[in-house]
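Here chain A shows up in two complexes: once beside chain B, once beside chain C.
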Partner chain A sequence: MSSGPRKKALLKVIILGDSGVGKTSLMNQYVNKRFSNQYKATIGADFLTKDVMIDDRLVTMQIWDTAGQERFQSLGVAFYRGADCCVLAYDVTNSTSFKNLDSWRDEFLIQANPRDPDHFPFVLLGNKMDLEQNRAVSSKRAQTWCQSKNNIPYFEVSAKEALNVESAFQAIARDALARESQDSQDFPDFPDQIRLDPNQNNRQQGGGCNC
Partner chain B sequence: MITPTTSGILREYQRFLSCEIGVDELITFCRTGSFRTAATRSIAWRILLKCLPINSLEWVPVIEQSRREYATLRSRHVANPRDPLCVQDPQLNNPLSEHSKSPWSRYFADGELRDLILKDVARTFPEIELFQDAEVKSLMCSVLHVYAKDNPFIGYKQGMHEILAPLVFVLYNDQQLYQHALEDFQLRSLDRTALHILQVLHDSNYFEADAYVLFCEVMRELTPWYEDAGIVEPPEPHPFERLQDTMITSRLLKELNEIGQRLAEFDPPLYRHLTNLDIPAQLFGIRWLRLLFGREFPLPDLLFLWDIILSDRPISRIVECVFLAMLVYIRENLLASDYGGCLQFLMRYPPVVDVMAFAQLALHFRAPLRNSRPKDSQLTNYSNMTLQGTVHPNAGNQKRTVSQPPPQQRSQQANRGKQRRPYRQEEIPKALGIFEEQVAVLQQRLNERDIVTAVSAKRIEELVKNLERGSLEIGTIAAQLREVGQQLGSLTMDRRKETPEAKSPAQEERIKVANEPVRSGTPRIFGVNELRELNTNNQNFSHSKPPSQQVPRDRVLGIPRF
Partner chain C sequence: MAANDDETNEHSRKDSTSYSMFSDDQILVDALISQALEDKIDDSPNRGVDRLEQINIAIAACKEKLREFSLQATPVGTPTDDSGHSIKKLLVDKIVDLGLEKQNLQDAQEDCVEMKKCNGHTFVLQSARGRNPCCEVCMGTIWRLVQYWRRCRACGMRVHEKCAEDVRRVCAAVIGLQSDFHFSNKICAEVGLLHQNYKCAECEHPLSYDSGPSDEPRLCELTGLYYCPSCHWNDEWPIPARLIHNMDPTPYPVCRASKQLLSVTQHKPLIAMLDTNPRMFALHSGLKKVQRFRKDFLIMKCYFISCKNARSLRILQYLRQHQHFVEDAKLYTLDELKEIALGGLCRELEDIHTVFRRHIEDECETCRGNGFYCELCATDAGRNQILFPFTDGISMCKKCYFVFHKACYEKAQSCPRCERREKRERHRSKD
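Our next item is the complex of A and B:
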């Protein structure tokens, strides 16, 4: 793979979280600048792109929205491959959606299998902050969780009122971009169906099979 | 052809009742679009799904049996502690009782399931009035709840609600049409036995049970695509093995994989293009399969597609062919697009202009020798808009520079130097043709209103004549006038929604789809294809506006689909 800065960056961002926390609404608020309370349930996955300028750099964000019910590789490998950032979303009025964050994060790490999982960029979004009177998870609690996971950046947002959405996604792009410039080889070029030999990870030349 | 006329609806019922229709004929009717405007689609589907035998004399006992069975299931699975039939013992039937036999404990335990279902039912077809109805929502919740409880291995999965919805729509539609025909004395010539059969069949008191029975049969076909991807251990688990390198365990992904292979046979260049971009069918096809294409077509077209799918069981073969047809149908768009562009076309499938031609393509793939391939010129779509009538994210992005696939394919791409390209000279006429067609269709949509108005005016005139002659009862005239009024009223409601002041973002998305069921003998809003027929068959009603007239912009963005 080539190194050095690319003219134009392309970032793949995946949004995960329980059904109903507002993933689809957040993506649409960010990309299309509007909110509708009539989004249909996401089935499988959805996809939108948006071009943004980050520090004089034109960046295309490919945002993947998922259904809250999809687990255990039901989306297939191609879906996770090449992700630059994983956005975890929960609903500040729903504590279950907060409790499930751990399993979403684990799920992503298992599926995407980045080489350096401890430093893979995650961002946490606490959505529906417009419903302050119904809040079930305090900011403090969310921040503590983020600290325990290697300081994941945390944003409280509202897709409905367009609060903080823009700045959160800017930060997401920045984080992903920072990582991208390292040009790390998190996702080696192995075809889907080939099993890795346990020793192969340590060898320089792949392809050999000693089974 | 357009609405079941008096004799039309009677004739439709008679065909089924007298057992004139054999299964083969039924299939032909399905494929040729005969049910697109019929009042008997629910009967056809019940027969195709083996909920009803073909012999109408057996219908009543069969259907009564299935309704009884549902009632039993429902009382077993949906504990309603307030239901008088529930446990009478106050020790047990009491919200504070912790006894496991207490209907309340079950009720609370099911809470999560109920919430999950409700969340999806609440956002089912937000553009269709029927699904905003509280009773319909509660019916759907119950059906899905009973199904989930009765099939614990699969439970409720997102998407099932949009399999149920079209079934509910069709049942409701046919109930209404029957009721109307009855009140309109259109069924007078039927004998008592026949009337009784129809009455039982369309009894709205059993709407829920009937929907459940149909739903179960459709789900029988779809369960492989809904079941959890087994966390099946690979034969020899290996500590260093990446989970993603294990075999594909879900039947859904396997099916999608097979479809990809079939694309390689049918359209090698398209297959290569998508493979080079690393866009396997698994990336976009989950929704297509789970919802049986429910998000990719407007409801009337979808129901026609389901006619074809349900008449070819087990459905996986025909579904594969529909899937392939969808890809081939937009192949030019795909071939000219990069990674992001392709995905946006696949995730927001551009509306198909002529669903009959589309179906013909799918049937061609199913049996190439028997079914000829439609001409390429028939395969057009509105590639610059979405089904919701909004501008397609790919629209006009020829100039956009977006576009590399994710890192994996960047290297491959670099070698090929594939770039988004502008239209080639020789493609321009075709592209122009498509645009012109789009304008024409928008124009036709405008004409819809004029047609409805014209038909209404004519009806009123007739009713006035009847009134003068005294040839009809006042009650009948009043009823018919009310209908005309409703029809016109629905037009003005439309218009109100379209005025900019009254538009909230939510309403903006809302598309007016026939809120009133199709009623025999009354005008209704027509679909594009029907309109095309109408315009050719019925010259005096068409083109009350010159075709060159400009289409206002807000119409382009909020096209009614029905």
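Our next item is the complex of A and C:
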């Protein structure tokens, strides 16, 4: 606000987790302050953006909502690249969604290919905490997992009741911002889209139809 | 119209500087129209003016005003230039709106006109304008000015009002649009007049080469049978079987029933070319290219249905009459095969392919996000190249559909992602 003109940061955040854990709901609750009980499967990956103040900085969060790309033929996960933070989400009433967290994390690290995988910022969200009576994964168990992964921050949230969603995303933005300012020094590791364009144009010329 | 006015006002409210100018012009256009309407109604006080007439009057008034504006050539840069321009635009918009309303009104009225249904045809009463056609029931001329006549909305057959009920031929649309309809892929050999007992294959009129023009036998290349001159007008059309087997687009003589059938089905995706004549894809370079584009279109569709930008651009509409290309990769329409055989279609599809590619690869962040990076690459440059399933020189894992450079995949000989999955599965089953 009073800190003078500074570069407006764009933070790229990816939400991963099994289908049905509430990724789309969490994003909608955070960005649009809305929740719908109707289940509408997401197809492919898409992002929403939201401007937020972190301390004295205005940052734009670009949040990528995802859906099982691997089940939907021909869609890849190129969007993992250049992420500033990866949000892993599971459903506290569904233990399979918790067990699959390792795969989500591993796949993310392989595809995103960050410079320092051990210190890449992850955040874990245990969603649907409003359904306490159906809980299948204890907070303790989740916390232990987080500790084993280099102390990933953990939040229990409810997209439905808007519990902790705002503060979790604030923490996510903060982690991503820390990451982003680090990156400005060692940026070359992240492919930027502009640099890729000349390649694409070349290939386009080669692939023409001669009839 | 009211909705449109609201929109214009909404627009001007946002842009406060042009507010007064905009709304003045709007009032001017509305005043112009109501003046024209009042004039006309005063002229004929005895009868009410219906909506269609109102629209016609309003359109005429707008056009007249527009002509006045065009005649007053205003030098560029004068202060009036700008406002004249905006009134002109409003007038043009108004004419377009009124035209649309008129069209809707006329469509609705046409539906109300009594339709006659006979043998599957939907005969709609026609106007007296144009040249005089021939009735397909009695073969007599239809004298439009003095005889009522009808045309089938589905197959185009024209008949006298009095002949409609005597029509014997079933409507081609009824046959052609049945869900199990398909073209025969056999080129019909003519069976000969003797086999037909020297009678027209449709109406059984006697046929002979000697007894005058009304008995002349005419061969239909679609059915392989002979017809009388009433049932066969020497129409010509490409024959499906000849396209399927030889990519032969030549029009051949066909009987009226065949012509009507081919005409109603020409844009239906009915020909499973890949099943019927797979060898043609290797032999005919145009067909081969079209098929490759179609394979890509199917993949691109996955990107477009998961992209809200593509949805709001309605990007799949670029395919126009080829929409079925994104339903499956197999079926062709008769018209498409004809176009390909004549050397067309490929160019058109290439343009669409370019538009689609540009959206996914360059213009759309969402679609690009759904691309792939080759994880088998040894070099940084390779690892940072974004790939799509329709990029040249890639390989796709048959099992998990992940995409790699072809060279990288052939070297690795297996998919690392599938391997990781199998490992995890083994791990899980041990637990």
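Everything below uses one rule, namely that the second predicted complex is superposed on the first by the 166 of 211 C-alpha atoms of A that agree within 3 Å, B and C clash if a C-alpha of one lies under 4 Å from a C-alpha of the other, contacts with A are read in each partner's own complex, and residues count from 1 in each chain.
Here is the rule we use: a residue touches a chain if its C-beta (ideal position, glycine included) is under 8 Å from a C-beta of that chain, and two chains touch if they have at least 3 such contacts.
These numbers come from a predicted model, not from an experiment.
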Query raised in the report: Regarding the shared-chain residue A:Y39, is it in contact with chain B (first), chain C (second), both, or neither?
Result: first
**Report entry** Partner with the higher number of touched chain A residues, chain C or chain B
**Finding:** B
Query raised in the report: After lining up the shared chain so the two structures overlap, which partner does A:S19 touch, if you call chain B first and chain C second: first, second, both or neither?
Result: first
Query raised in the report: Who does A:S103 touch here: chain B (first), chain C (second), both, or neither?
Result: second
Query raised in the report: Once the shared chain is lined up, is A:L10 touching chain B (first), chain C (second), both, or neither of them?
Result: first
Query raised in the report: Both chain B and chain C contact which residues of chain A?
Result: 43-47, 67, 69, 72-79, 81, 110-111, 113, 193, 195-197
Requested in this report: Enumerate the contact residues on chain A facing chain B in the complex.
Outcome: 1-2, 8, 10, 12, 19-20, 34-49, 51, 58, 60, 62, 67-69, 71-84, 110-111, 113, 187, 189-190, 192-198, 201
Report task. Report the residues of chain A in contact with chain C in the complex, numbered from low to high. Result -> 43-47, 64, 67, 69-70, 72-79, 81, 99, 102-103, 106-107, 110-111, 113, 191, 193, 195-197, 199-200, 203-204, 206-209, 211
**Report entry** Complex contacts: residues of chain C adjacent to chain A
**Finding:** 285-286, 289, 293, 299, 302-303, 305-308, 343, 346-347, 349-350, 353-354, 357-358, 361-362, 365-366, 368-373, 375, 383-389, 391-392, 396, 400-403, 417, 420, 424, 428
Requested in this report: Give every residue of chain B touching chain A within the complex, in rising order.
Outcome: 116, 119-120, 123-127, 157-159, 161-162, 228-229, 231, 238-250, 252-253, 256, 278-280, 282-287, 290-291, 295, 339-340, 343-344, 347, 393, 400-408, 410-411, 414, 505-506, 508-510
